[in-house]
Amino acid sequence: MAMTGVLRPGHIQLKVLDLDESVEFYSNVLGLTETGRDAQGRVYFKAWDERDHHSVILRQADSAGIDFFAFKVDSCATLDKLEKDLNAYGVATRRIPAGELLETGERVRFTLPTGHDIELYSKKSEVGNGMSDVNPEAWTAAAEKGIAPIRLDHCLLYGPDIEKAQAIFTDVLGFYLVEHIALDDSQDLAIWLSCSIKAHDIAFVRHPEPGKLHHVSFLLESWEKVLRAADIMSMNRVSIDIGPTRHGVTRGTTIYAFDPNGNRFETFCGGYQCYPDNKPTKWTMDEVGAAVFYHDRKLNDRFLTVVS
Amino acid sequence: MAMTGVLRPGHIQLKVLDLDESVEFYSNVLGLTETGRDAQGRVYFKAWDERDHHSVILRQADSAGIDFFAFKVDSCATLDKLEKDLNAYGVATRRIPAGELLETGERVRFTLPTGHDIELYSKKSEVGNGMSDVNPEAWTAAAEKGIAPIRLDHCLLYGPDIEKAQAIFTDVLGFYLVEHIALDDSQDLAIWLSCSIKAHDIAFVRHPEPGKLHHVSFLLESWEKVLRAADIMSMNRVSIDIGPTRHGVTRGTTIYAFDPNGNRFETFCGGYQCYPDNKPTKWTMDEVGAAVFYHDRKLNDRFLTVVS
Amino acid sequence: MAMTGVLRPGHIQLKVLDLDESVEFYSNVLGLTETGRDAQGRVYFKAWDERDHHSVILRQADSAGIDFFAFKVDSCATLDKLEKDLNAYGVATRRIPAGELLETGERVRFTLPTGHDIELYSKKSEVGNGMSDVNPEAWTAAAEKGIAPIRLDHCLLYGPDIEKAQAIFTDVLGFYLVEHIALDDSQDLAIWLSCSIKAHDIAFVRHPEPGKLHHVSFLLESWEKVLRAADIMSMNRVSIDIGPTRHGVTRGTTIYAFDPNGNRFETFCGGYQCYPDNKPTKWTMDEVGAAVFYHDRKLNDRFLTVVS
Amino acid sequence: MAMTGVLRPGHIQLKVLDLDESVEFYSNVLGLTETGRDAQGRVYFKAWDERDHHSVILRQADSAGIDFFAFKVDSCATLDKLEKDLNAYGVATRRIPAGELLETGERVRFTLPTGHDIELYSKKSEVGNGMSDVNPEAWTAAAEKGIAPIRLDHCLLYGPDIEKAQAIFTDVLGFYLVEHIALDDSQDLAIWLSCSIKAHDIAFVRHPEPGKLHHVSFLLESWEKVLRAADIMSMNRVSIDIGPTRHGVTRGTTIYAFDPNGNRFETFCGGYQCYPDNKPTKWTMDEVGAAVFYHDRKLNDRFLTVVS
């Protein structure tokens, strides 16, 4: 969590082309837990070890992609303060009423220069992780249903003006830069930002078209769980983009794959612990391959071009 | 890091009976990197992936145990503010001048009701982790020298009045309670406190004698590294207290073992990510065994009695 | 498999005190697959990746322990030859008719000087591992039902005259000695014998009382699966004897635990590949602790005394 | 080991273009132990846990590729018998005198219809694995020098007439077919053969040009060691062909990479235990992708075309 009171990535709303097929995928292949459906037909999910009501919302749409990505903050007071700080910084916001998302309080939404809608909120019903809060076991059967990530980890967004997005996250919301790929001395191709001790809570790649999703990432516990995820993808004929492999950036291990709609998702493990007093790690364009895919040390064609 | 600006455990000073034997142990068996020696004869170490000058200081003494445990804060301003906050809370502090520890700025020290000296500081020279901050590799040879933990993780301290220590950490320093073992309805046997998203940055067990160290803990990357640590302990005839096993509390995997002086240390992996909005997990005395050693579900004799 | 045509451990018949409770345990906690019940009331199980009809048979009895342990041989001709070889070596045999065990051909049974009944057989119905033999997947849901060992691996038997048992296995059946613990220059405390490239297919410990079972061992794929097994044991309140840990002998990783009847079982991973041209590894009594439990380097009280 | 007395893959002689560069690679990146050099300038290596004098021999040559692949047999009598059996089967053999390879007895060499030279031998000096044969530790520092495979595992050879090679291995040498990819009802694209309980000791792919090497494979202990191998490859700018991934065939985990000469090698882990009574697994051409690379379910261009 950031010193501003921003806690963590709280939810992402994804657009899907075929809701039924997608629900099947997110439930049984990715292994999220369905927690509700609303009057609009949206379907809500949480990862098994998350305690709040949901972290992924699927909405039927004519194209794949992302509607919005949200961060939970620690209190209503923080929500109010950050809204004022955003406005003072020149970022327009609007309030989404409590209940517009199931079991979720009022949200403050703003649009980044990259074209993405970001939300802050402070209230969501705690439904627990399926284990008692008195004398719990170490895990439950839900930890082995499908890929079964522990939690929503981060997302990587593609759009223009990423330095302006970075400024909002660092100057107003209390994030800090952990790693970056420098296009040249004056600008970055990509930036990884943290509001905690995770190597990234959100990341951006410079891209001409605004508002695009490169991937949403889910956390796994171990490299062996990454192998298990790849096996389950194969069994279910999920299209794997790349992996299992390691990123140079964050050192995390990873698989990129596509949901049935073409939304890329990541099953991610690791990433070093970092703190805002650490000097950011810089990657140069001659080593961009190693930055992204550490083992192969070269990008595949899809990394910079395929987004949803 | 806490919203107050407390970042992380920064260093521990340990008392050792035979400095040479201990330096050999911490260097070649535990696999820390020696970074300096001072005029008092103290020897400084860091874990390989830490970036600041040191996290462990060994001091020759007549008994084993802990001199002090310190947290880094994000700025001088935070250091000043927290000192004032502590004083306002009724906690006396004193300043240790910059340079008293090598490469370290001024420290604010205070004594907990449990009898332990805790320090805050904001400056320590960044010496890096042995890898370039431009286009780094994933790890270095230092990651395989001895047990080679990634970093100092936390410590568990034994003493009286742990609720008063808890109050200082939560009310003043911005920590929050993650798990606790309830002796009865009115008081806890043990508390685990976090200033970050780690399952613990410091922990306490109620104990009649003040100022005792149960263990200092070092972070490993994987359960397989825990096995490797146990192997290296065996090869070097290190006295293992228990493990490899899992804790119920934090769900982390662990080995407890003893340095040549009888100071218990832990090689620890995992622990779930937690946030201050999570409801604390409570353990009751009938399940204290599972809380501490999840697999055996019973305490060994040493857990509550052997401290240094 | 041995050059004599002895292939592998094929089945063990265990005595259990409460059949229903035991079936529940072997099915849902250990995670074997029930494959049949016979007219005597015996219940048959296989590990998920085994292809023959069964490897574990439970029989209700007044005491726990082992009825017999069997090896599959490659053909009827081998079965006939080995029976003649056993008889020529002075070992009496008797034929158990085909069908006495479900889906199993004729068995040749003999009693070791240690008091254990050993069987050879060449026919058992192949039921497969639940995956197609054309274009199979990597594993099935059965691989995650309970502890879910891959296969029956070996057993460790306690009794007198282990050198005479060793002679039968090595001189007649084509096994070879892989490791041994020497009591003194003239006799062994324990011997590990292989008929393959596994570090052991059967093992013996010298013990005054004949015909006792120390443990039956089941194979796991990885150290992470050993952790998962320990977690599942804890969740199901299985009594763990020791582990997770490593053996010095074979270097395998292990948990010893008890079924509801007091029969010890092992969930085992690894063990080096060995061949009959390798010099056996010898352990001396001053290092017997490290031989058995490599990390602790000392025996627990139960290892030499608790058998069924 | 086979019932014929064929024990295991014993050595491979590889052709390299630059001996010094190759020695550096095999010593410090792959992490084999150099054990000798002979008068011809050949350099000998063993994997750390192998006990015989060598398993890899490098010979400076004008092109990359394989000179010969050898199997150790259990005795001189077996060597003589198998030579006679080969001759009786119509396979010409010739004797290479003892000492032609360092520390190695007489070898029986024959050429397969695929164009590869295969050798049998029964004697090679046992030099041990660097650990005592009395009260050994679990591993040594050599286990972490470079990639540090445990042992030579198998090789995959490309050439014509693979069914004739299969016949020699199964009819004469006692191997059995474990898996195969069927080109059509009458012939196979690829075959995997075992003389033990390993999923393969040698394998062949049908290919018009005789005598080609697809890869030589080295065994690792765990999927985490596979990750470590990939990291070390990246650090040393080794060209990775594919991986870390899993094979459908054998279910083993794998990386294919190239030595500095273009000889492909594999770092391999796992593969199920198999026995000659198991029904072979068949793959059809529509699933050849999954057979070879289970996660991607498609071949890369290099698999069928790049050999040395």
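Labels for the chains are A, B, C and D, by order of writing; each one numbers its residues from 1.
We take it that a contact is a pair of C-beta atoms (placed from the backbone, for glycine too) under 8 Å apart; a residue touches a chain by one contact, two chains touch by 3 or more.
The structure presented is a predicted model; accordingly, all values stated were derived computationally and were not measured.
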item	value
B-C compared against C-D, more contacting pairs	C-D
Chain whose mean Cα position lies farthest from chain A	C
Euclidean distance of C-alpha centroids - chain B vs chain C, Å	43
Euclidean distance of C-alpha centroids - chain C vs chain D, Å	31
Chain B: positions in contact with at least two other chains	138-139, 222-224, 231, 234, 246, 290, 294
Touching residues (chain side chain C, partner chain A) in the complex	137-139, 144, 222, 224, 231, 234-235
Of all residues in chain D, those that touch chain C in their complex	1-5, 7-8, 49, 51, 72, 74, 126, 133-136, 138-139, 150-151, 196-198, 219, 221-223, 246, 248, 251, 270, 272-273, 275-284, 287, 290-291, 294
In the complex, chain C residues that touch chain B	223-224, 227, 230-231, 233-234, 237, 240, 243-246, 253, 290, 294-297
